[in-house]
Structures are given as C-alpha cells and as structure tokens.
C-alpha cells in the first residue's frame, strides 16, 4: 500500500471525514505493495488467514529474495514452495531463521511455531508420492494443523491400508496422495465418512501421462465426498485441509 | 446381508461365543444384500452418515424400482439422482411419498425432513448452470444442511458478485458452479477464507469441450483452498460440503 | 475357397503330385469365401478354436443374414455380437434355433451346447456395467467355459468385495468390468494371484470421457498381472479368458 | 527481388511501356530476396507497416546473421524474437547498434526510435508471466506504440486489479497475459469496453498442460470482446494491439 | 437493482449525505436485477456500450421470455443469440417488433436502427461457414457497424480471394470465418495490414474434431496480427470487431 | 466470372490492347461466379483436371440445387459427395440424368462416361469400411480410372490378403481403407512397391475414438511409401490416386 | 509386521484363545513392515507367488538400498526394475550376488535359479523395442518361465514373421512388443490361438505420441484374444505371462 | 537367410526336385539374416526397389555398425536416417565412402550415383523446416529422382510462392513441408494438379503441440489430392514421391 494513500486515509479518519468502519473497509481493499515485477498482497493474512505464499518456479532468485524482504519487513511469516536448494542457500544468507524442508522443497521463516490443532491424516499410495505429501505436511504444520502420515499404503497390498483403519477413523480430514492408477482415494473414500482431498501425482510412466490418469481416476471416483486438486499440488490440498480442520461447530 | 449369516452371528453372540464388540465389528462388514444385478449396501448410512444413493443413469426402470423397494424395506431414506421424469412416474406409483425435484432431476423419499444446520452457499456463474446447482441444493437439504443460493453472478458483471459479499462472508462452505471459462471459483477463492468446492459444468460450446475447459481452469486455480469435483457432479459436491458443514470443532 | 482351386488341389493329391502334408498345408491357407462385401474365413474355427464371429455394428441387416447363411451352410456355430433386437428378429425368421441374449446383445446359433470346463469369474463394479459383463459371460459359455459372476461389488462398499474372496480364490481367470474411476481391477489384482483381464466400460459422465478414465486407470494399475482390452469389449476379454481357462499344464 | 527483373521493370517504365501505377503495383508483388535457406520479404514493411521479423528459434546463428545483414543492407529496422543471449553476442559483433532486451529475449536494431502514440496497457496475472509481457512491450515500443504496464495483478488479490481501474479505463487496447488458470482476461473483459487481447502463458504445472488450460479459459471467456493468440505469443499480441492502437477514426 | 436500495441511495443524495460523485460511483456498481434464475445486468449498456446479450442455449423458453421482459421494461435493445425457431415464436407473441435472422439464429428487438459506421469485412472459406458469419454480421449491424461480406472464397480457388483484394484493402477490420483446415485467416493475414479476427467453425469431419483443427491452425498462424475466438463464436468476433471499428484516432 | 469483366477483357483483346497470351493468363484467374452463398469456381476443371466437387454436408438442399444448376449451365459434370437420399430426390427432380450411388452417398451427373485407364486397387479391412471405399471407387470411375476391389481382407485372416497378392502386384496405385486398429495399410505397404494411400475410417468403438486410432496407426506405419488422408475421406484418396494413376512416364 | 502384534497373535494361539485357522487367516493380513517411507509387503510372495518388486524410478538410492536390506533379511529374492547403472553400483556394494541385466535395466538377487517351465515367446517389431522385451525376458526367467525370443520381425518384411511360425505355434503364451504403428500384435493374434499380451513401446516420433499410437492400435486390435499393458511395461506383461504359462489344467 | 536352407534349396533345384519358378518363389520369401538384435531383410531391394533403410534412433552405435557391415557384405547401398554426427564418425571409420548430409542427418554409402529422372519439387514454408526437407531431398537423390527446391515460401508473403509458379507447374510430384499453422500444402494443392505430399514439422511453440497443429491442418486440407505423412517424416515422403515420380504411363 502506497504511503501517501495510507496517510490520507488515516488523516480523513482523524478529522472525522470518514468513520472507523469506512476506514476498516478501505484497509481491507488497499494494502498491497507494487514493486514492479510483483504486487505484494500484504493483508492476505488478515483476509484469508494465510499470508501470500511464494511459488518459486518461474521467478528469479533475486525476485524471490526481494519479495521475502518486503514481506518480512511487514512481519509476515514466509512459506516459499517449489524452492530449489540453491534458492534456499540465497535466502539463508539473508535470513538466518530460514528453514528448508528438503523433500517438500519448502522454505519456512516463522517467528514462532503455532500450537497444532485438529487432526489431518495424509496417506500416500507409494514411496514416490512422498515429496508431494511432504509439501502438504510442512504447509499444514506451518499453518498450525496437527498431522499424521501413513505412507506407501497403496491397494496392491490392501492389508496395509486396512491396518491403518484406526488412523483413518481418527482423522478430521484426509489428504490422499497417489500417482499411477490413482485408486487409493476411491478406496479410502469408501471407508471413511470424513472429507477426502485427493492429490494426483506425476508418478508413473507411459499412459499415466504425467499424472493425468490418476487425476481422471480421482475425478470419477465412485465414492462421494472426494474432491481433487491439481497434479502434485500438495500445497493447495494442505490449505483446503487446514480450513476444514480448523472449523468450529456450526 | 444374508439372513443365515446374520442369524448365526447373533446366535454366537447369545451363546457368548463372541463378544459384543466382535459382533459390532462384523456387523460393520456384513450387511449388504445381493439381488443379482446389484449388491445393496444397507449399512452405508451408519458407516458414512449417508445411505446408498441411486445413480439412475445406465440402470433400467425396473432395476431402480427394485433397489428402492429393498432400501425402503430397511427403512432407508432414498436419494435417486439423474432420474428422468418417466422414472419418477414409475417410482411414484409404488411410493406415494416420493417427491421429484425437476430442475435437479432428483427423486427423494424421506420419512421426515431434517432440521437444517450450518450454512452452505451455492453460487452459479450463469443461468444454464442452475440444474447442477439444484442437484447440489436438493442433496444438501435432504441431508440436513441449510443452503443459500446466488445464481447467475459470473464475472462478466463483477458487481453482481461483489454485491453478494455478505453472503460469501456468512457461509461455512461454498459450492461454486460454472461452465464455459469456469473462472468464478478462482475469483470467489480470492475473496473468501472458507473451503471452496468448484463444480465445472458442461455449459458452453466449441473449445469448452463439454466442460473440460472449466474443469482445467478450476484445477489450475491460483486461489489456494479450492478443490474440484467431476463435471456436472452437483451431488458429489453436496456430499463433501455437507461433511464439512456439519463438522464439530477440533 | 474357390471350388476350382479346391478341385485342382485335391486332383493333385490324388495323382500324387503333392503329398498329404502339402495338401494339408494349403488347406490351412485357402478356405475362405469371397461374397463381395465380405470374405468369410471358414477355417478360423480350426486355426484358432473359434469360428469367425460377426460384429454386427456397421453391417446392414441383409449383410448379416447372408454371412450367417454361408457360415451355417458350413455347419459353423454362430456368435453375432452387438446385435440390435431388430437384427435378431430378422435372423430368427431364417434360423429357428437362434437365441438372443438381450442384455449381452448377442445372437447365438449352436447345434449343441458344450460341457462347461474350468472356472472364470466375472466381477462388475456397478449395475450399469452388467451389459458388458453379460457379453463376456454369453461368449464364454458358448465357447465352453464355466462362469461365475459377482455384480455390483465396487470399492465404494469394500466389504461387498471382501465377502466374495472365496469366489476370487476359486477362479482360474478373472474378468473385472468397471466404468467411472475403473479402480476395481487394481484392488482385485492386489488380492489375487490369477490372470486378471480388465474391461473398462463407457459408464460415467463428464471427465470419464466415455470410458477413457477407466481405461487409463487400468493401464496404470499398480497391481502386476493385469491386462486391459478396449472399452466395452466384453467379447474380446471372453475370448482371451477362454484361451487361458482351457490351457493344459505346461 | 532479382536485379534483372527490377531493371527490366524500371526500363519499361522509362520507355513508357507501363504506367507509374502499374510499376507500383508490380513492386508490391516482387521484392523478395532468395538466399537459399530463406526468402527475405523486403517490402513487407510497406505492405503491412511492419518489416519481416526474425523468429530465431530453429534457425542457426549464421542463418540469423545473414538474414539481418540482407535486411540491414535494405535499411530495414530489425526485430529478432526468441533470441538466446549467444545469438545476441554474435549479432552485436556485426552491428554495434544492436540492443538486447533480456527479459523479452528480443534483439532490436533501429536507426531512430519512433515517437510513441496511443496507449496500450499490458497486464499480467503473475510474476512468471512477465517475460511474455516484455516481448509484447518491446515489440510495441519498437513499432511506435505507447505502453503502460501493471504486472502481478491476478484475481487471487482482486483489490490489486480494482486499484488499477484508472489505467484500465485510460487504455485504447489491453493485452492481458496469464498462465495457470488464465482467468484475468475474463475479469478484465468484464470491466472494460476496449479490445482485449488475451495471451496465455506456459506458466503452471500438472493440469496446466504447458498453457493449454489458460488458452481454453480465454477462448471460452464469458466476456465478449476478448480474442486470443497462441501460448506465449507476446509478439503476435503486440502486432495486433499496435494495429488497433494506431487506427484513425472511421 | 433493488428498489429499496436505489430509494435509499437517492435519499442520501438529496439530504446531502453523499456527494453527486459518490452517488454516481455507486450507481455504477448497483444496478442489476436479481430474478432468482438470473441476475440481469441493466447497466452493462452504459459500462460497455453493449447491453447484456442473451445466450439462449441451456435456458428454458420461459426463462428467456422473462429476461427479455425485464430488459425491455428498462428500454434496453435485445440481442438473443443461438435462438431456435420455437424460441422466436414464443418471443414474437410477446414482442411484435422482434425480428428473427434465421441463418444467424439471432432475435433482435430494437427501437430504431443505428446509422452504420466504419467498415468491417467478413470473409468465409466455404458455404457451410455462413451461419457463423451471419451471427457476426447481424450482431455488427445491430450494434451499428457497416459490414461487407465475401463468402466462399477459400484457398482451394485462390483467385476468388485475390479478386476480393479491393474489399480487403478497404476494410478497417476483418473477420475471417473458416472450418476444416482453417487456412484462410493465415492467407488473409499475409495480404492485409488490418486487425484480423479469426473464427474457426465446426465445419468438417474426421480429424477436424468439431473445429479444433481449424482453431489450432489459426492460433499458430504465421501471419502476425491475427487473434482467434472460440469455435463458431461469430458473436464474440463481432463485438470485438465493433469495438475496433468504432475507435477514434489516438 | 462477372460478365462485365469478361466483356471488357475480350474487348481489350479484340482491340489489341492486350495479347492473346495475356488474355489467357487472365482467364486462368478470373472465371468464378459469385452467387452470394457460394463462389463457384468454373475453371477448376481446366486448372486441375477436376471440376469443383460439391461437398453436401452443411449445405441446404436449395443451395446444392442452385450450385448444380450453375455448374450444369457451364456444361460441367457433377460429383456431389456426402449426399443424403433426400438431397438426391431433390436433384433428380431437376436433372433426370442424375445417378445416385447409395453406399457411396454420391450423386453423379455426367454426359458420357470416360474410358477407364490404368489400374487402382481398393482394399478394405472389413465390411463396415465399404461405404468409404465405395466413395473412392465411384469418384475414381467417374474421373476415368479403372478400379479393382478386394473387400474384407483384414489381417485377422491373413491368408485372405495373401490370396489377393496377384491383384496387389498388378495395381499401379493402392487405396487401403481400414478402421479399428488400422493395420492393413502397414501390411500391404510391406508387400507392395507401389504408392499406397491409407484411408482411416470411423469404424470401431471405445478407444478407436471415431477413427483416430486407425489414423495414428497409419501415420506411424513402419512401411515407407504410405501416405494418409482424413478419416472417411474416400473422395480425397480417389482424387490423389487418379492423379498418380494417370501419370505419363517421366 | 509389528513384532508386538505378532507376539500377541502367537500368544493367543498358544493359549488356545484362537484356532490355528484363525491365526493363519490373520497372518495372511498382517505381515508388512512400516519403515516410514515404505510399507514393505513381506508376504506378497505367499499371497501372489511373487515377492514385492521394487520399481526404482522416483525412489532415492538410499531408499532402494534400505528396502532391499529389509526384504533380504526376510530371505526374499529381489527384482528391482528401471534401475539405473549407478543404483546397481550401490546395491552391488551391499550384495555381492546382485546381478545387473543392462538392456533390461533390472537388478536380480536370487539364492538359486528356478528350473524353467512352460514356454513363453517374446516377439519385437524392431530393434529399438528390445529393452522392453528384455525387461520381460529377465522377469520371466527369474520367476521360472522358459522364454524364446524373436526380435525385429515387424510386418515391413512379413516373411520374417512367417518364418517364425513354428515358434509361434510352439508357445503357450506370446508377448508381442512394438512401437510406432504397433501392428505386430494384430498380425500375430490372427495367426495364433494362444493368449497374446501386447506391449506398446515409446519407440517412434511425431504422431507416435510416445507410444500412444501403438497403444491404441493394440487396444483396437481386430484379432480377439489380445490384451494390452501400459506403454513400455515389459515387467507387467511378464508377470501376467508367467501366471498363464504356469497354469495347471482345469 | 540361413546358409543351410539356401544350400538345400539350391540342391533341390539342381536335382530337379523343384522347378526354377518354385526356387524363385521361395527366394522371394526366405532371404533375411537373423543377427539376434535385428532381422536384416536382404531382398527388400528386389521386392520393393529400395534396400532396408536404417532408422538410427533407438539403436546403439555398435548395432548400426553391425547392420551396415552385413548389408554392405551383400553389396547393398546404405541409407541411414536420423544419424547423429558421432554415429557418422563411427561409420566413417569402417567405410571410407560413407558420406554425411549434415542438415538431413543422413549417412549414404553408394557405389555409384544413379542418373536422376523425373522432377520432384520440395517446398518449405520456413527456414526451420529445411532439415526435414533435406531428409527428403537426400533420400530422393540417392534413390535416383531429380529434385528442385524452393525454401521459405510460406503464405505470410504470398508473392514469394506465386513467383515460384513455374516450378510448381513443371513438377511431376510435390513435397510440401511446413510447421506452425501448416497451411502451405492447402494453398499449393489449390494451385497444382499434381500429387501433393504434405509433411508437417515440429516447428512452432505453444499450441503447435510439436507438429500436431500442422498435421491436422494438412489432414483437413480443403484441396483434394493432398496426402500426409508423419510429423518430420521427410524420408517417408521421399520414398512415396520417388515411387510416383518414376511411374511409367498406364
């Protein structure tokens, strides 16, 4: 948000030209910072309970550093996804508190950790799906959700999944991550009465078409109550799961 | 569930061969009814809070009637989706309480209506998306969720949507239904901090590819916290929304 | 096979110009009948253990009648797939022994039924998949395989499938028919050590793309030992299953 | 254009065998230069107000150098798009005036800059879309259009866009560049009554399919008055915008 | 716009609670009419120079009639596209001035025709592309643009197109409509220095994929200055062409 | 061709303003007839050895009748493809010599039949491919090529094809028509050293995708010397085959 | 399988709390080992006659080593597919008996080789398809099937295939591997009456789409009795072929 | 061909067990050489007028060297396509006469050049299409066809093509190579009455989908007499063009 405009707004409030409510209303709309290559949305944290997250792919190292600098100046915690190790090296030089979750490829800068609440269960069909699951886990824990995981429990050995039934029953929300045939969410959706968020991954080859096969399986799931996010989108699944996990009663 | 097996199970319980807990455990697995062309899942209501729903497409009229007869005998409320008017006529002859929601193409047979709880908002981008939205609304109300609707508020006239902001803020969960370019969920997702379930519809022509364009838009939504169900799947969105809407606090 | 050529061949044999073996060799190649719009392969029965099957779609009623007439003259049993009821009416007028399997849309003319051998289990995920399963069943039984069926045992109610475990263990070959998400073959493939033939069906809507979603799921199945045939190709699955079912020991 | 032919044409004019008008007419058709691997269209500048632009991908360094040499000999300004840095190095050695726009990947050689006219606004949804926007900006400015930019104003933070409304109202033409869900042109199209040229970018992952998702969103835009160019085609959008921007009144 | 809200707004103005400017600002946002199945955007005419157009497909006859009634009450001219003849019959019964353009499938209700301005040329490759061209023509003429047409001038007989060169040179904007291989816009784009709007049509068979082949041809056009709209979208092309055609000088 | 322009051209010739050669040159360009919905290319017969052929799909009955009337007035023989029976009825009423080839769906009006030359062999894989083959046969025979056919010789019974080897060796050009897996052209291409034109048909179901599977098979043929036309395009294959069949020696 | 649980189970057996049969039943379900990033299915060997196979792609070197270590500890033979040479180097360091099949990219660790049984014939269309065929061959031989191969016998030189007829007749099961047009399985399927497993490969370019063209050809095969596995899935084909090859008589 | 078999065949001939004709017949079928990884088809030269061509992609260097060695031993001329420079280096070491056509990526070993016959014209739309055109040119010249070329004559500057009309009229066959929008074959097909072979190339970006857009344009060409080969398949186009070019009169 432009200083001048903020100053003018507050001036109007002080001279009673506008009401407190009107000032609040405008503050909801105004505060973003235009730095040429990016328009940083400083108040997303207040509007959506989640600060602007930096998706690193397609951004240069110096753009990422600059965006982080501006957000930090405003005291905002940082989540930077799809961050390559060299990006982390650069960020670390500026921010000693920066922490890198390697499997998840996420950089987190947080002044204090949140107390975990609720219960989100993340399942993967295979070992290769773990990086996407970890993107979800790190995001959820940074946002303040409690997370359980059960990895490599695909239906090729159904007893592995049936053995996790207690975890399934205990969860408030489930994130099910699977590539190749993508059948795990359908099976989990048939066993549980909780919201299931299915995440297809690019794991596979040939007619898996980089995750499209798994995506289609999940969209066509015979089990009701399953919704789907983009291929490899562990972050998006986590944000949605966090919103559901932290709901109060109606 | 086969009578014989049930009888034997209860016998074992009575003669203390098995514990109450063991009997419960098995009852969770057993009760379905094999009628040749269908295996009716009588205890889904208990397992998932939602009785088996009849998807009418691809089933003959007599198959539908028979499935309803069996479910009714077990006292289960009926939701039959994608039901053509002639199917309803046939069902009505057997069940005087059957009610037909024409736009939604749903048949409902319910002994008493549930008291609505929570608050689900259903938005559509255009008038042509209403049938899918109605499938969601009827399902939600039958399951016991309170529903608000705001139809035809697509971004071609953005002020129509901005005018509904109060409804958006008040909702616990949002279902956003859109065909053609499918952009409404992205815009709503940017305005709200609640779970958003996006439903693409087949509305459109040419490069909309029967809803694929809208589906892709939604899967790629820049707004986090948006998940997607199959094209025209108002029912699936409703089941998921109901589960979220009725959650207690963590 | 042209009469003249046959006459000449047999003449050569009689005058010892060629050996018996040579005559046999040529007879393997020659016998088909050119009737303009079709080249009827009279000796496929001997070469492949399966007479030429008539795929009715795209053929006119009179073409079908004529092909049947020629095959019957050679004493060949008839299997005509994808036959509409009106085609059967026309065929019935000429062949009183013709039998119509309505759900399977198959016409069979057979002088005597074969004694069933082996054990093929056909499973379907839903009720809407039954017509494709019936195409497989009728084909298998006409060819002489014993068939068991378990219909509507999809994973939305996993206990229905687990309850059929004994049937699954008893089968020599399994045909698993599923539309929509097409996950059933993956789950069955994880439970069984027998050859599994997966048949995707066009059942579904939206992103099922007329069976493509189910097809891809099956091609990407994490369970090894699963092979796939074309969408709705119950007949092809049956022929393959019959070949496997009737194998002797190595 | 072949020298001989040109000489003959001018001879005919001088000896009054043809009129001035006829000579002009033919000159419109003739002048291109065949150099084996390329047929350089020297008079496109006159015919279309835009000299032949060199698309560098798929051409060798020496081919590009040679084409530039021929065009320069004819005094034509140069725009070379999709030029890698090493191509620029090579060009620079031959042409000291050559200028490289790094983000845009364009080489420009121009004897004098044109005075900017009109007003084209270029918007991007995200930071990753900037290279494509820059290809458009550099092209437009080289051709002589005045350009404003507003980058990273996607709908995830709608207020950022609403804050740019004055720029939107002031523009004669708009170029809207977006990847991922590609929704920005639809929203801008609903706010403006000016021609909107939508440019999808390859930004995104998974089901963005290298820009196809954004392309489809734009083709299906509910806002009328939006047309689309190829994925990442900032250059094409700029040429069209320049033609519209420089139109006189009807 | 809701009466109550309008009344209150104007009251505030009269009692000087708000300024004239503020009232104007709000009027820009407010005036739409919520009639349950549609939110009629009454001030789009002022905001975009084009009243809300009714896209008839997917709307019921009575919905269309009601929307027209509301728009007419506000004195708005009507353009209803993709209108089947029976829809026109119904509309005609209510509005005697309604006029039906059969090839274009458009209903127009207009109090007085506008004086034509500028010059838009519409070309088609074949006879089968004419309905889409007519949708564009009727829309343009209703909006007030002057239109020329040259139909069936595809490149299979290139001289037909070359013969129209004078029309091509005279136009301010060109709409080029083509199905099958969709090459006409590329050729026209190479001949003209005016904005070219390409409209693919569904004309063709086999690998034309309902217009996708033509769409791709146009998106990949080697001629710069060509933009594309959705398959069969004559209306969208017309709105964009009208905006360009009616521009004043910079 | 416009009368006026023709008159002027001939006047110029007569008054020696232009040479005979110049007049010829212009006549090559000019003669087409603009009848509003079509631009009839009267001299294609001279330019390409093939009069303009009427593709009936997407044209109204009266448009077809009018185009035929104009072409007949110029003495041109008629080939009208994809003509429904009712179109033929209408044409027949005007032209008693019109002949309808039902399987091929072609109307021919010809003053005298041409003497057949050369030798084109048309093969089909199945009976369902015959209509496309017949479109090719009728076109070829009308143009003056001699045609042999061998229908239903697909590789499921390879001996049927091997038995036709003499026909294959005798042909100058081969047209191979196949749907479903589309393998016949690859096999024929391996046996022959003549040009092979492959025509995929829409025959099949499921993953044949309306002929796409066969089209891809043919485009990827391991046998060199095979080229492909559009799905079901028997006409196009015939025109190309006729051109090759009637070539003189180099 | 968790030690504690195993101990408890056996304790129950010893104290006669459960029957031998019940213990067996549970042992079928329980034994898998959860090592965080993988859930190793130790009893798959018993359940399916095939130990858990390690698919190396997407797993880190250390994950692979650890999984092998755990499986070896249980005495299980190892098959690790899609193993890069560097993975083998690492495995070799731990297991001196590890053997690398380079063309097949498979690591095998086996205590003693099995005696080969039955007869599986593997055919390839070209030389480039050999790596996939070798993946099948090595898998089959490790499992205990006897294998014959005939490589590079595609239909471009049909006599090469016909010359292998004796091998074809002798086989119990056939695996046919082909890229590009993928026609070989159709031709083989027409010659043989044995189960044919078709494996498409990614061999080819352009419209082969990484094996999709071959996959579609095979799915649409006119020859009955052909089933298909995923592109390049030599392993899956081998497992299925082994199951069929080792069947006893019905 | 196996020595033993050849010896036996010739022995039979010498002892008059078989006739000369029979020996010839068998020689047509037998001679191929099985070298494990390849089955070299030594008599394709006689059967098809074209020796087996080596497609280098997917083959190892040593495999290529060995195949060449065997073919050379039989005195066969070599065409090796898609050969990388390092492959040529290796081949050159063994064969001093080997010649490398760099742009075409073809290795040729020929004892004497053939006298060129006929006239094939190769056109390209752009400079980037030249490598594919060169693959066709080198193949044609090696086979003995005379070739003319006109490169970079795409329709963006139509006069360049019109200027080449004399070349177009003089050719017996045309190969038209184009990427991006792929429109050149349609335009050329409208100007010429000769066989036109269209070759799509992968040139382009975004929605060109690696040549699919150009391929579709060509398959849907409105000009009859155009057939298409695979993307980038200059070799296949050349073989077909050579067959047509060298035809004698009917």
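Letters are used for the chains, namely A, B, C, D, E, F, G and H, taken in the order the chains are written, and counting of residues starts over at 1 for each.
Everything that follows uses one rule, which is that a residue touches a chain if its C-beta (ideal position, glycine included) is under 8 Å from a C-beta of that chain, and two chains touch if they have at least 3 such contacts.
Predicted model only: the values in this text are computed from it and were never measured.
In terms of the stated touch criterion, the partners common to chain A and chain D are B, listed by label. The chains that touch both chain B and chain G are A, C. The most distant chain from chain H is B, comparing centres defined as mean Cα coordinates.
Its C-alpha atoms superposed on chain H, chain G is turned by 90 degrees; the angle is given in steps of 5. Taking the mean Cα position of each chain as its centre, A sits at the greatest distance from chain F. Chain A and chain G have CA centres that are 38 Å apart. Mean C-alpha position of chain B lies 53 Å from that of chain F. In chain E, the residues that touch at least two other chains are 126, 156-157, 206-208, 212, 215, 219-221, 230. Across the whole structure, chains are in contact as follows: A-B, A-C, A-D, A-G, B-C, B-D, B-E, C-F, C-G, D-E, D-H, E-F, E-H, F-G, F-H, G-H. Contact residues of chain A toward chain D in the complex are 28-30, 32, 36-39, 41, 44, 52, 57-59, 63, 200, 202, 210-212, 215, 230-233. Put simply, chain H touches chain D in their complex at residues 126-128, 130, 150-153, 156-157, 159-160, 162-163, 203, 205-208.
Residues 47-50, 53, 117-119, 172, 192-197, 215, 219-220, 224-230, 235-237, 239-240, 243-250 of chain A touch chain B in their complex. Here chain F touches chain G in the complex through residues 125-126, 154-158, 180-183, 186-187, 189-191, 204, 206-209, 212-214, 216-223, going by the rule given at the top.
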